[in-house]
Amino acid sequence: MKLTKLLPLAAGLVALPALGFAQEAAEVDMTPPNAEIGYIFTTFMFLVTGFLVMWMAAGFTMLEAGLVRQKNTAMQLMKNVALFSIAAIMYYLIGYNLMYPGDGWTITNVLGAFGWTSLEPVGLADTETDLTYASVGSDFFFQLMFCATTASIVSGALAERIKLWPFLIFVVVLTGLIYPIQASWKWGGGFLDANFGFLDFAGSTVVHSVGGWAALAGALILGPRIGKYGKGGSVHPMPGANLPLATLGTFILWMGWFGFNGGSQLYMDTAGNVADISRIMANTNTAAAGGALAALILTKVLYRKPDLTMVLNGALAGLVSITAEPLTPSLGMATVIGAIGGVIVVFAVPFLDKLKIDDVVGAIPVHLFAGIWGTIAVVLTNGDASLFGQLISIVIVGAFVFVVSGLVWFILKAVMGIRVSEEEEVQGLDIGELGMEAYPEFAKG
Amino acid sequence: MKLTKLLPLAAGLVALPALGFAQEAAEVDMTPPNAEIGYIFTTFMFLVTGFLVMWMAAGFTMLEAGLVRQKNTAMQLMKNVALFSIAAIMYYLIGYNLMYPGDGWTITNVLGAFGWTSLEPVGLADTETDLTYASVGSDFFFQLMFCATTASIVSGALAERIKLWPFLIFVVVLTGLIYPIQASWKWGGGFLDANFGFLDFAGSTVVHSVGGWAALAGALILGPRIGKYGKGGSVHPMPGANLPLATLGTFILWMGWFGFNGGSQLYMDTAGNVADISRIMANTNTAAAGGALAALILTKVLYRKPDLTMVLNGALAGLVSITAEPLTPSLGMATVIGAIGGVIVVFAVPFLDKLKIDDVVGAIPVHLFAGIWGTIAVVLTNGDASLFGQLISIVIVGAFVFVVSGLVWFILKAVMGIRVSEEEEVQGLDIGELGMEAYPEFAKG
Amino acid sequence: MKLTKLLPLAAGLVALPALGFAQEAAEVDMTPPNAEIGYIFTTFMFLVTGFLVMWMAAGFTMLEAGLVRQKNTAMQLMKNVALFSIAAIMYYLIGYNLMYPGDGWTITNVLGAFGWTSLEPVGLADTETDLTYASVGSDFFFQLMFCATTASIVSGALAERIKLWPFLIFVVVLTGLIYPIQASWKWGGGFLDANFGFLDFAGSTVVHSVGGWAALAGALILGPRIGKYGKGGSVHPMPGANLPLATLGTFILWMGWFGFNGGSQLYMDTAGNVADISRIMANTNTAAAGGALAALILTKVLYRKPDLTMVLNGALAGLVSITAEPLTPSLGMATVIGAIGGVIVVFAVPFLDKLKIDDVVGAIPVHLFAGIWGTIAVVLTNGDASLFGQLISIVIVGAFVFVVSGLVWFILKAVMGIRVSEEEEVQGLDIGELGMEAYPEFAKG
């Protein structure tokens, strides 16, 4: 039984202090009109927000396919379809049970949690289930999409040079073990939640920074693309081949984020909860707007000509920034939090280049840096958050994911190699690894 | 307090005559099973239809990016992301409160309405709110998307020659002032609603024609693209660079329109209301189909070869046409109303060219001309509409928006210039204004 | 009155044996908390799942536009917009009433069923309607999208050589007559349902194989593209021009399928029903994942380099395979059923080529072959299915659709010709039939 199901029973005891916990129980209004109706509302809400988050997989795919060069596009498409498929399977084989180890978070429970996810029986009777939460199937469907998101983040950063198969093996480990283990520390009622009062509503740290740390470890071990960094600190720009695709991907992600943050309220059984979800969606939208406009104005000021890919990444950074706490800020505050995310991206992209860390689509600035910012920003609007609790949790999650990911990348490198040959990289991964082209009839310019 | 919240209380008095008012109260069946359940239903309906309307921003972006030429594509993407972001912020800074000036529509109320939108407190208790409508957050989220739509319409018409920054300043005025002021006349309970019995269910006039008038004023002041109109009335075709994108945009808009029209029922708390929403979505779909097929057949007859962009615009014109009254027509009548919209577009595009009004994507035929037609067509199926009330409202809204928009464009032209240099226009706005290309690796044909 | 509305009244009698019937009644838990609330839940569920299935029309369009060659892309876009529009109109003119012939399925009822669909009156009162099911408008909206899907399948297989107008006439017959007649045999309570206990939850046979059979008949009569098959059995590959579009289309279809299968539960008025919908969506997702990964691994093993279009079609085949029974399998079993669908596609594509049946996008392997597999696979997890009942229904539906479609194609060929001229085919249908190009500014490679 999921911990989330038990918590509402005790919610009368926590009342206001529980605000903003989300993803493990945000029940503040304990008089649903009728348990079964509340169950249907919350379950259907998970299904709707779940398909929105699934849609983000398409968003990442289009974003990344638009930001790589022509010759690596088919490979980027392949990686994204494959990683989503792997996440779908690993999460029911291992991830879901591992993430929610059940009644109390103990090592025994965690070890006992390995086992296939089982959904409700077909044609469930009301009497067979606890009606205070939602169907397990809907919860699984929703949570699975978060796990997949983590892997999508990694594929963008490491594009244009990583081999297909080691990448997919990494995805197996990430979605089956790394993501669920650290997610259980917060959302499964683990020690970050219990001991540090860590607040991360929809996953600025638990989802986005995790993808970012895994990407960073990979980027360091993999090294930059050939020709990206010249002598004397020169940076050779390698612009994306198809900006309409990248823009489409950004809009898809923007839309999907309403599900990502809205669904993380976890309940829609009362007027209070549905009003909170409304507030969350409005804040999510305005944070993205803030991030986009901040990047627009800042790149205009810094470079005289505004940069479209920065604006797109600014919007995404705004979304990541508001994800740790989309409920408590006012619309104005949400805009500011998002805008700071956009500013971070504009400065972080050249900063990474200075360090010769080659992140093809800007995933590390967007998901890791803005994710850290968003996690810290919780303290600005949510009185239950402590700066210490937020920082220590950022560090613990970061250290765990970075070290374990680095280890996995290192082993993969030693065992099978993770980088394509120089010849293949120059020629493009599409021909080398797949023997096909994404745009076979379009002449190269 | 929103006027919409008070109206249901009086709905018993109006009953059937209230049919088709929508967007300000279409409550015809006043026995919701339970106030809180009705509140959750209506609120969630706004969130779902709201994200569909938000998705239309992506639809406009793809449509326009597909219909401009390669060299202006990145700029068109930039404008669309930026305008949506600006709308998101202006609407809570000014627009929303201005549009719904509160208990009774008076000058005092309107002036007093300037002020940031404030959503419900976090963790709202049932007793703190009026449960007869929906959460303010969801209403704001939904209405915001309508405001953003207006701006999207303008960007398409003025593409390929307008400067970025004056365009964005215009968007600030349009979404912060022009749109909300005239929308308040109808949906905020203002004089068009009160004195003329104006009916505009989801905004053929209030949204679409407003975008169209603002675009028309801009197109006249801006002038046509270089080389578009030759001597002796010759028109030089400048086909869009990427028709799959334009088609995708059309499908996105078609899908989003289910939210646009369906959500404008404003209530989903009774069987009668949800049946009305169903009827609206079915009618919306068939009107789009009618518009597409009318344009298909008509272009085949007129030009021997059917024209894809006309078919796409025909579908959109069908959607605009049904928007003023998607509820009362039968499926057959909705098809006819949409089909006439499609016919209008096929004749209006060359008509504008004859007048040397250069509308890059056909936004004026689709949103202004079909919007006027749709507003008039309300009298065909809704007995509460009067031809006089519809026409006078079309004229008043049109005059206001055209004059104010024209003034703003004129001031922008005088102060900072609104048109890129001739050299920049020939070279393409992407290089000139942004210093980047949308498809940098694809050879020009 | 729809048969579906009557069945719940008798559902107490059937209880568990009714499992998995779906699309004609899957009510297993007959204590909805309140009839009107249940009506609102189910109706809104149809609207949400209905717009998801409508979105699949965009998915097919992008998939097919990405898999044809540049020179035929605009035509493929045109066909898809037009076929969806035709389906929208034919289904209310004839299809819907024909498919649900009313109280008891008799020849008289069927003949009497010709007549326009009429939706509920505007502002329906609770007392005017049966609250045990959903609004007619929502049911019509949802079922219409299934009808349109059938036509989308055909357009892909016959791409790059079929004339526009005969294709559209075929669509008129398919969506107005062929699809609804055979669908009534199962979902309208006809003889396949009554006499053979045929189970097809969301339409592996009723929708997907029907599209597949119609496409097969067309492909045989139309013949392969010029140059596709050389002497001595050589096959000339004609790769799709835009794989990002094809991948986008696949993701759209994947997302839309949650509506396709989830909505086919037909009820969301109880905890049991919403839990079933959750289970269905989770299974649908994992079956797609299984199909994609199976195709990925198998093409790697067979051809050394994995094939992206096979992976995309593998995912779609996984979706088709689970469609006949997405409810009763476990997550693991759903993955296996989907994976076998993926394997079928990898072998079926070269098999069709050996027979010189030219299916441009792989629609016949995906929708017909995987559809047959999925229909048979029902017996693996649903005890109410019999192998005989499934096989005889596959054969009856297949024979009917193949023969009637073949007849229609044959008549069209005789009367007006169905194939463009050799010159036009070589030059591309876009120029020949439409006089325009999909990518006019991109140089050919």
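Order of writing sets the chain letters: A, B and C. Residues in each chain are counted from 1.
By our rule, contacts are C-beta pairs under 8 Å (C-beta built on N, C-alpha and C of every residue); 3 or more make two chains touch, one makes a residue touch a chain.
As the structure is a computational prediction, the values presented were derived from the model and not from experiment.
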{"item": "Shared chain contacts [chain B and chain C, defined touch]", "value": "A"}
{"item": "Copy pair chain A, chain C: interface residue numbering same or different (half cut)", "value": "different"}
{"item": "Interchain centroid distance [CA atoms averaged], chain A/chain C, Å", "value": "33"}
{"item": "Per-residue multi-chain contacts in chain A, two or more chains", "value": "34, 37, 48, 242, 248, 439, 442-445"}
{"item": "Residues of chain A that touch chain C when the two form their complex", "value": "34, 36-37, 39-40, 43-44, 46-48, 50-51, 54-55, 57-58, 61-62, 65-66, 73-74, 77-78, 80-82, 84-86, 88-89, 92, 116-120, 122-126, 129, 131, 135-138, 140-141, 144, 164, 242, 245, 248, 433-445"}
{"item": "In the complex with chain A, residue positions of chain C that touch it", "value": "16, 19-20, 28-29, 31, 33-34, 37, 41, 45, 48, 52, 69-70, 239-244, 247-248, 250-252, 254-255, 258, 262, 268-272, 274-279, 281-282, 285-286, 288-290, 292-293, 296, 303, 305-309, 311-312, 315, 327-328, 330-332, 335, 439, 442-445"}
